[in-house]
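Read from first to last, the chains carry the letters A, B, C, D and E; within each, the first residue is number 1.
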Amino acid sequence: MDFATIVGIICAFALVCSAIMLGGDIGLFLDVPSLMIVLGGTMGATLINYPLPDMLKVFKVVKNAFFHRGVTVQGTIADFVTLAGIARREGILALEPSMAEMKDEFLRKGLQLSVDGLEPSSIRDILGTEIVSIQERHKLGSEIFTTLGTFAPALGMIGTLIGLVQMLKTMDDPSSIGPAMAVALLTTFYGAILANLFCLPVAGKLKTRSNQEVMMKELMTEGIISIAKGDNPRIIEQKLNAYLPLELRESSFK
Amino acid sequence: MDFATIVGIICAFALVCSAIMLGGDIGLFLDVPSLMIVLGGTMGATLINYPLPDMLKVFKVVKNAFFHRGVTVQGTIADFVTLAGIARREGILALEPSMAEMKDEFLRKGLQLSVDGLEPSSIRDILGTEIVSIQERHKLGSEIFTTLGTFAPALGMIGTLIGLVQMLKTMDDPSSIGPAMAVALLTTFYGAILANLFCLPVAGKLKTRSNQEVMMKELMTEGIISIAKGDNPRIIEQKLNAYLPLELRESSFK
Amino acid sequence: MDFATIVGIICAFALVCSAIMLGGDIGLFLDVPSLMIVLGGTMGATLINYPLPDMLKVFKVVKNAFFHRGVTVQGTIADFVTLAGIARREGILALEPSMAEMKDEFLRKGLQLSVDGLEPSSIRDILGTEIVSIQERHKLGSEIFTTLGTFAPALGMIGTLIGLVQMLKTMDDPSSIGPAMAVALLTTFYGAILANLFCLPVAGKLKTRSNQEVMMKELMTEGIISIAKGDNPRIIEQKLNAYLPLELRESSFK
Amino acid sequence: MDFATIVGIICAFALVCSAIMLGGDIGLFLDVPSLMIVLGGTMGATLINYPLPDMLKVFKVVKNAFFHRGVTVQGTIADFVTLAGIARREGILALEPSMAEMKDEFLRKGLQLSVDGLEPSSIRDILGTEIVSIQERHKLGSEIFTTLGTFAPALGMIGTLIGLVQMLKTMDDPSSIGPAMAVALLTTFYGAILANLFCLPVAGKLKTRSNQEVMMKELMTEGIISIAKGDNPRIIEQKLNAYLPLELRESSFK
Amino acid sequence: MDFATIVGIICAFALVCSAIMLGGDIGLFLDVPSLMIVLGGTMGATLINYPLPDMLKVFKVVKNAFFHRGVTVQGTIADFVTLAGIARREGILALEPSMAEMKDEFLRKGLQLSVDGLEPSSIRDILGTEIVSIQERHKLGSEIFTTLGTFAPALGMIGTLIGLVQMLKTMDDPSSIGPAMAVALLTTFYGAILANLFCLPVAGKLKTRSNQEVMMKELMTEGIISIAKGDNPRIIEQKLNAYLPLELRESSFK
């Protein structure tokens, strides 16, 4: 799991809890029916919004996004330079032995299509469709968390309205107004916490990860097409380096 | 009707009701004039917003979207591989007998155009127009629910303003302030429930379903064009598999 | 004027008025200075926002959009099939006599360009520019109503702030607080009604109508280009039917 | 300065002032520190947001947009028909004498490029870049006013929070609560007025003017390209008329 | 650091502080636990939202954007005219000596590709990828500040809810209500200040700077391609001048 997420979650929740404890008992902030309305209602609204299989797939997408392999862009560029060298010297069929060891399915499929002799434009079409459908699936994960983060404050407000109506209808004892209102506000508090310290930041992280992965796949497509066209390894390196900031570029040709 | 929707609706409403009942009588939350303002006003605003025939079409779109046939992507890809095999061995005219049994109108129309000998680019144009106009019709359904979900809280606020003005103008008896305000808040409550536990999630579901259907139609277009061009069944399978996540891909060639 | 708009306006306003009357005197909700701030201020802000000629054009656009001729898509498709038949049998010049009777200027101009012998790609360019500028003009109408609907609640809030400041500064008699606050809230109420029961739904209707008209013009462009290219009437019918949902398609070839 | 803007500003401010005066002394609504927070803070935030030269350029853009030359579309189309006639009869070089009198720099540059013998596609590229960079500069003006209109209510709220905190901390004399709160609300009032009766409508007007100018430049590009290609004046008129609504079209060929 | 930012920050904060001091002691507005919730919570939520390396990169992006070299567009255009002159007279290889002195990496890389003899379309592809990935990296900086500016008011509201709940639960002494509420409002105040006087304007500045840099890179791409194609220096100047407003254009050919 990536470090920033752990630090972020601990930091955010620790601060909120310690701020609460500075001001009094943390038990004041626990109310089971309020939690039920916010958590259950938000889940319910999201279940109406998305098909069940999509909801279940989310856990996998989230796991993939958080436990994220450390493939570096520089390493991938260096691999392409090596592959392009082999393909130029020994012909594209000579890539088949090294393909067996590749971990990335996308890369393997793309090179297989080149070895099979498809035209570069067909390879680009197939890999492009693949990237679009990866993007769609990732977008779904991020969208579901955004939806949770939109319904959570709404359910929080609904809970507060319920509490306010009950309090106002039965306003006999003035001394009970304060505590009743405090409880009514708790659902708004839960909704705001759930949305702003969990759902929305996670949705943001999934989006960032997806953009990184799509960028990587586009770089790979560019590299595969260049190999299929028989480009010079130096040119391929220059093409692929364009995806990196200047200070991170490395060259195999010194 | 799909399972997630039922679970979601039951879960959301059951939780809200039980939360209300934990705090007191559910009868406090029923007020017919308030319901009239929110439901009637929202319907009225939406009727000004959309032509009547569009409003009536919505029920059909909704029904189609919820009771949704279980055509799997994998099955469709396998069908295309079979069709491509027939077309390659026996010529494209040999597809006509199998077309009679197809349930999907879009697929049948597309294959008919290929059998009629239209050029692939014309087929792509016609099927593309068809997809765009399917999308337009689906978008309408989702838009109408989004509009309902936008006007509902606004009408809720209008109702609350009416209640507040009436209460404030005739503020003789201080003990009546609480209950009058509770009733005034009920319209806001109805608006929030209607929007967040019904209209907006349904709009979301319609959008998701529409995206899935459009993806399926694009896959079909790709398959039909490939058959019309006389592509190799293996290539067609690889092209169409690009629409699926890796772990769901199946191959007819093992 | 289309039926849904009438029903919608009556339904929405009748409900709001009856809800008001159930709770007391409707006279409480009339306050001329409040109306002046909301109506006048909203008009003023919108006049700063749009050039005067655009504001005046709006009335015409609105009238066109509401009193909307009942040209059906099916009828137009049938007309194109007939025209294509004439053009194929007797040459494209044979269309000139039937053009005189056409009511739609766009259709007449397009066919005139074909008869004049322009190339299909030039016809598509000219008609495309025409569609884009129709869209721009329609968008203006819808945008002006959206702008009115955005400024109305803002002016309502400004009015309420004025009322609150006056009430708070001169808070001598506690019994006058309630009624003064009620009057202050009236501008918010007017702003919400003006925006949600008039401006925003009308903006929505204008957008829907514009989309329908643009779709019709695109269908006509497709038909005109096909006639100019000398396409087979059956193919034209199939191309144009793609704009219609399946259940509304009719065929002249049975 | 265009008429609608004057009418709008007078109408909006006169109504707000008279509404204030109906309810009491207008002096209640003047508070110098509140004005300082809202005006100064909004200017400050906008200065952080935009580079200084851009802020200074705004005054010029605004002046250009408000004092706007009365070039009519019809006149421009008629000019192009005349120019196209000259170019056809006497060759494109014959346009040089009439170019000296043209006031519009864009038109002159475009025709100069045609006379210099550049290919139509290069002319389109250069004029297209020019239009994009005009759009960018105009967008900046509109964006700066939108930014002002976004920060103004935020600063208004900040001012109100300052007032509320000061009032609540030193709540000794109950009779001072009302007036203190009134002053606190004044910043919100100033923010709302500044945003809704000045910044946002002016941003809207700048956007509308920019769209009109861009449309004019696109029409000119179309005309220049057509002249460079040696199109027939009648065809040019039909192409350019597509930018106008039907009822405003005039023809030089009757 | 650019002048407008300093003026803006000083102006905004000085005004807010002096407005506070006019109304009383500035010490009332300092509360350490409130600051902790808003600053810490906002940082925490943003750390969940973005990967750690991206957060660290931000400081560099910000520094680059604020301390921004004064390369003028006019100077760059004049340089291109000179380079194009050399390339035309002495061949493109004659550019190599002057390339060594160029400070801009992008320009140097582009010219190197031309000198290496790549085709103009490949150069455009490589430089285009480079521009897109520069844009992505800049967008990240601006997005992180926008995210900070979105979470800050949300955390402010969460802090206020905590304060309100604690105050309402333990409402024994009426005289303590005011000050307790004042403290509760402080987090909202901090959130609003942090978002509107720091995060959002800085995000806006980063966006503006990025647009300027991208425009410069596009101008350079246009110039490099034109040199690679062997265009006439006069034509190159006209092409590149299209990026400048009329009054700033200078010509090397008088």
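Of note:
As a working rule, a contact is a pair of C-beta atoms (placed from the backbone, for glycine too) under 8 Å apart; a residue touches a chain by one contact, two chains touch by 3 or more.
Fair warning: this is a prediction, and the values are worked out from it, not measured in the lab.
Among the remaining chains, not one touches chain D and also chain E.
Using the contact threshold fixed earlier, the set of chains in contact with both chain A and chain E is empty. Two copies of one chain, chain C and chain D, form a contact in which under half of the residue numbers belong to both partners.
Measuring from the averaged C-alpha position of chain C to that of chain E gives a distance of 39 Å.
Centre-to-centre, using mean CA coordinates, chain C is 24 Å away from chain D.
Counting partner chains per residue, chain C shows two or more touched chains at no residue at all.
Chain-to-chain contact here is organised cyclically: the chains close a single ring, every chain touching exactly two others.
Note for the complex: chain A touches chain E at residues 2-5, 7-13, 15-16, 18-20, 22-24, 28-29, 175, 178-179, 181-182, 185-186, 188-189, 192-193, 195-198, 200-202, 204-205, 208-209, 211, 215, 222, 235, 238-239, 242-246.
Residue ranges on chain E touching chain A, taken from their complex, read 33-34, 36-37, 40-41, 43-52, 54-55, 105, 109, 113, 118, 122, 125-127, 129-130, 133, 136-137, 147, 151, 154-155, 157-159, 161-171.
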